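In this document, chain identifiers A, B and C correspond to the written order of the chains, with residue numbering beginning at 1 in each.
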């Protein structure tokens, strides 16, 4: 099936937000704070600018509630009295001339009375300054299974480890952007680069004090998202909306790269501490896992990121007992939020590094330690969810080892590494990723999906699920086409517009093919049933017969639409208080193998080959599925080896593509992708989620490989050549004193 | 985009004399812009202080590559692509061709110029160490006439050059006497393409009777200017390349350079890698000498 | 603060885009990217970074791949520009468009116009590039979605088809 919107994309016809111009449109920009925390004392507008030419919006202009409605309501749309992070929006300007606008932004001076600020997990925990709530803790969870306190005395080994991951920028190639227009007749309309039209819709209602039917949100073609456009668009949309309301003109706000990188959300930095009781033959008896993430200055989605990180912290292993204590803490940084994987890449990095550590202590191989602890069908996870689906991690592992030639290479490398400046290593990671919203989340989302048929016998899918490269349009049309027995070409999908499509939930959590796809299937079947019940269509039919039936039905009933609403599977039960039960309707499982070279001349790590084996239920579209894996692996290689956010006083200072380093085509290995299909009951045709899975495995596989190559145990990513150099300390020289001083 | 085009003037006199006339009439007022791969980045970021630019992209006299029996003369506005595609550059000055292939992606190589790289005077520029070891000579031109300066003397401090306020770089001349040399270049950046170098090495050498007859080493990103390692070279001439010598060489290199901590890397890392690169170069020279 | 009367006059620049002659009135330091998008309505070239790193603004200028965000429009008088919209101006573009679709070389699509033009430029110089040459030829075009694998496949497929023609 060709990509549904593919032709527009390859011809340059696809319309992204910045490609759109409305009559009378003006431009908006944001004046932001330059201190990490402080009280706003004075705002000065430099006299060199003709301010009467500009529209100015401050917190006072907000018609509704000055907050970005999401989970909590702690994040203001515009700072009123206090700022809690650098680059926090304080006021908004609009002007018809983009260049004059830029000059005006630079001509606003804000004076602050600085307040003590907090810039790391440790500083936040020390509570030298309380910057959020009563204790800087945005959220915490406790998972307990079995009897952890009893395991220590039985343990032959107690293995400890501490693991860190850094912030990561989503770096979608299209920056955030929106256009907002407001008039008394139609209300507010916002067009944007976004993942979740209904999140923006909800936020705008509250901000602008407008009822549901007077707010319309439309998703434009979106140039990459990866979670960075899950909730952030509510902020930029809110800003454009306020300017549109004040000015009476359509307002476009599009960030440039420097602003997008410095001011918008990133992946949560994390710290994980493991303490594990292990038997003599390498079986996990139990343990304690402490997982902490840095949420930045406001809560945004930290509670949900924390949730997923918590539930995945134990990896694909059987834990007879475990205590998992997790928390998200506040710091004076721009809030961290959703990024592909959403907490799981962080806690799984720790788990998979820790497994290699356990292997060392016990004296067995990284392969063997995993075999002895893999979850089996019928066992329970850390949250006591019984694995009911068919699961064979051993088979995945076997296949990955074979495809990567793991054993032969490990032996060969050990021999070849005795000489020369290039050391090779090979490492593995085994992991899982739960698809859909956690526990009762999908029930809460209560997704609704529609399919419409026209008199021309063509069908149209009505969902709020966004396409941003991952294949939403193609897969959902494919599912509808199959359900309706129509050619793929006869099925279209409506542009997500809240006045046209129902709320099928946000485009996140790897839920679209699985949850929404299933509903599309049901809704499509509903069209057939309606026609059948009217006596217009038999069980088997041609496209032409379908067309005739639709034409006739519509001539009598005006429209032909069918809706399907989410129904929670009866056997999925989750206890939100004890954080226990069926966390996800389905898990995808994977084993990845990374082959690397460490160059001791430059201390750099290159990934030479990468094997990705996963079980994701039914592969609905092989080309799209492979693309998700290769793209996710590439981002994760960046997470492991290249992408470092350099912070200074709570602000990202390497906020340009020249110095925030993502891999180019010259940096990535061949990424070899393989799927196992064992089937699954919950998704359409047995599909499970796939989008985020590939983010979880590569980083630990790579760092495991580095340890294999040079015997140095790194526990923190990104792992840069400078870090390798410092750890190796193999360079002995008399440095000039100016250099010796710099550490 | 953080600059207002309306605030900038860009004039295109169209020929070299007219360009030089304007620069003489208003010295230091007009910033020459060729391919723009440095200037336009600053401009877009709102950091280009010069408001008056003079277009030299279309000046044909600056885009020639001339080959003479004893030397090659490269017009200052020759692009990296032109250098890579020129047969004599590729054959006799491989360090320069290689450096050209490292400078940005293909799109930037099609526009970036050697003269621009030199005048921009970043110590991290990839082609400058090659020019140092090839004993390049610059021809500088103004309305007052032409003068030649040894490239070794051209950079006088961090982003400072010997260019007078009314002068342009007209051409870069390279003596054609390095065909018989072993050559080796290596760049260390944050990734394999499109990276500003953390350390960059250009090396030439000749072995005779098992000992070093001539060696030329230059590094980028280890000092305020691209650096020729004269002391290290001096120490190496006449010696046999063996493991014990390598440790001494590394130490000497670390004493001769003065890298800094910056947003891309650290002084300690740069020091270690610079020393390692020189040692690696010497080992390859020895291996090549052994084969010869 | 500079007086607001000291602004540069716009000038007339004549050039060709996708085979058609155009005349544009612009400040000499307007970026070619902005002229294409705002004056000529050719929005296929995108601004991903504004610093010549991502390649999503790439166009062909007299057959040369350039980042249009770094080209002042005053420098392109008389030049021949080809953008992604110029299918008829360049036969290779269509072959690549089809191959990109078949192989999954396009996901979100934002890097695609620049990527296809970079591939055109590569295949014009080398009819059958090896993988290493494809990697190098596209190394100035960043893609965040695909991990590049399917883009390489697309370029290889287009090259094979063109050779077969």
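In this text, a residue touches a chain if its C-beta (ideal position, glycine included) is under 8 Å from a C-beta of that chain, and two chains touch if they have at least 3 such contacts.
Predicted model, so just to flag it, every value in this text is computed and none were measured.
J.: Looking at chain pairs B-C and A-C, which one is connected by more C-beta pairs in contact?
T.: Between A-C and B-C, contacts are more numerous in A-C.
J.: Can you tell me which chain is nearest the middle of the complex, judged by mean CA position?
T.: The most central chain here turns out to be A.
J.: Centroid of subunit A to centroid of subunit B, CA atoms only: how many Å?
T.: 43
J.: Can you work out the whole-Å distance between the CA centroids of subunit A and subunit C?
T.: Computed value for the inter-centroid distance: 30 Å.
J.: By the touch rule stated above, which residues of subunit A touch at least two different other chains?
T.: Counting only residues that touch two or more other chains, subunit A contributes 256, 656, 658, 664-666.
J.: Return the residues of subunit B touching two or more other chains; collapse runs of consecutive numbers into ranges.
T.: 1, 3, 5-6, 41, 45, 105, 192-194 - these are the residues of subunit B that touch more than one other chain.
J.: Mark out which residues of subunit C touch at least two other chains, giving numbers and ranges.
T.: Residues 47, 50-51, 53, 136, 139-141 of subunit C touch two or more partner chains.
J.: Along subunit B, where are the residues that touch subunit C in the complex?
T.: 1, 3, 5-12, 33, 35-37, 40-41, 43-45, 53, 55, 57-58, 81, 101, 104-108, 110-111, 192-194
J.: In the complex of these two chains, what residues of subunit C are touching subunit B?
T.: Touch residues, subunit C against subunit B: 2, 6-8, 26-31, 34, 47, 50-53, 55, 58, 61, 64-67, 69-72, 74-75, 77, 118, 121-122, 136-137, 139-141.
J.: Hey, which residues of subunit A end up touching subunit C in the complex?
T.: Touch residues, subunit A against subunit C: 2-3, 5-16, 18-19, 48, 170-175, 221-226, 256-257, 468-471, 623-624, 626-627, 630-635, 656-658, 662, 664-666, 668, 670-671.
J.: Sort out for me which residues of subunit C touch subunit A in the complex.
T.: Interface residues on the subunit C side: 1, 37, 42-51, 53-54, 56, 83-85, 87, 96-97, 100-104, 106-113, 116, 134-136, 138-152.
J.: Applying the document's contact rule, which stretches of subunit A touch subunit B when the two form their complex?
T.: That would be residues 98-100, 102-103, 256, 258, 421, 600-604, 642, 646, 653-654, 656, 658-659, 661, 663-667, 721-722, 725-726, 731, 733-736, 738-739, 742-743 of subunit A.
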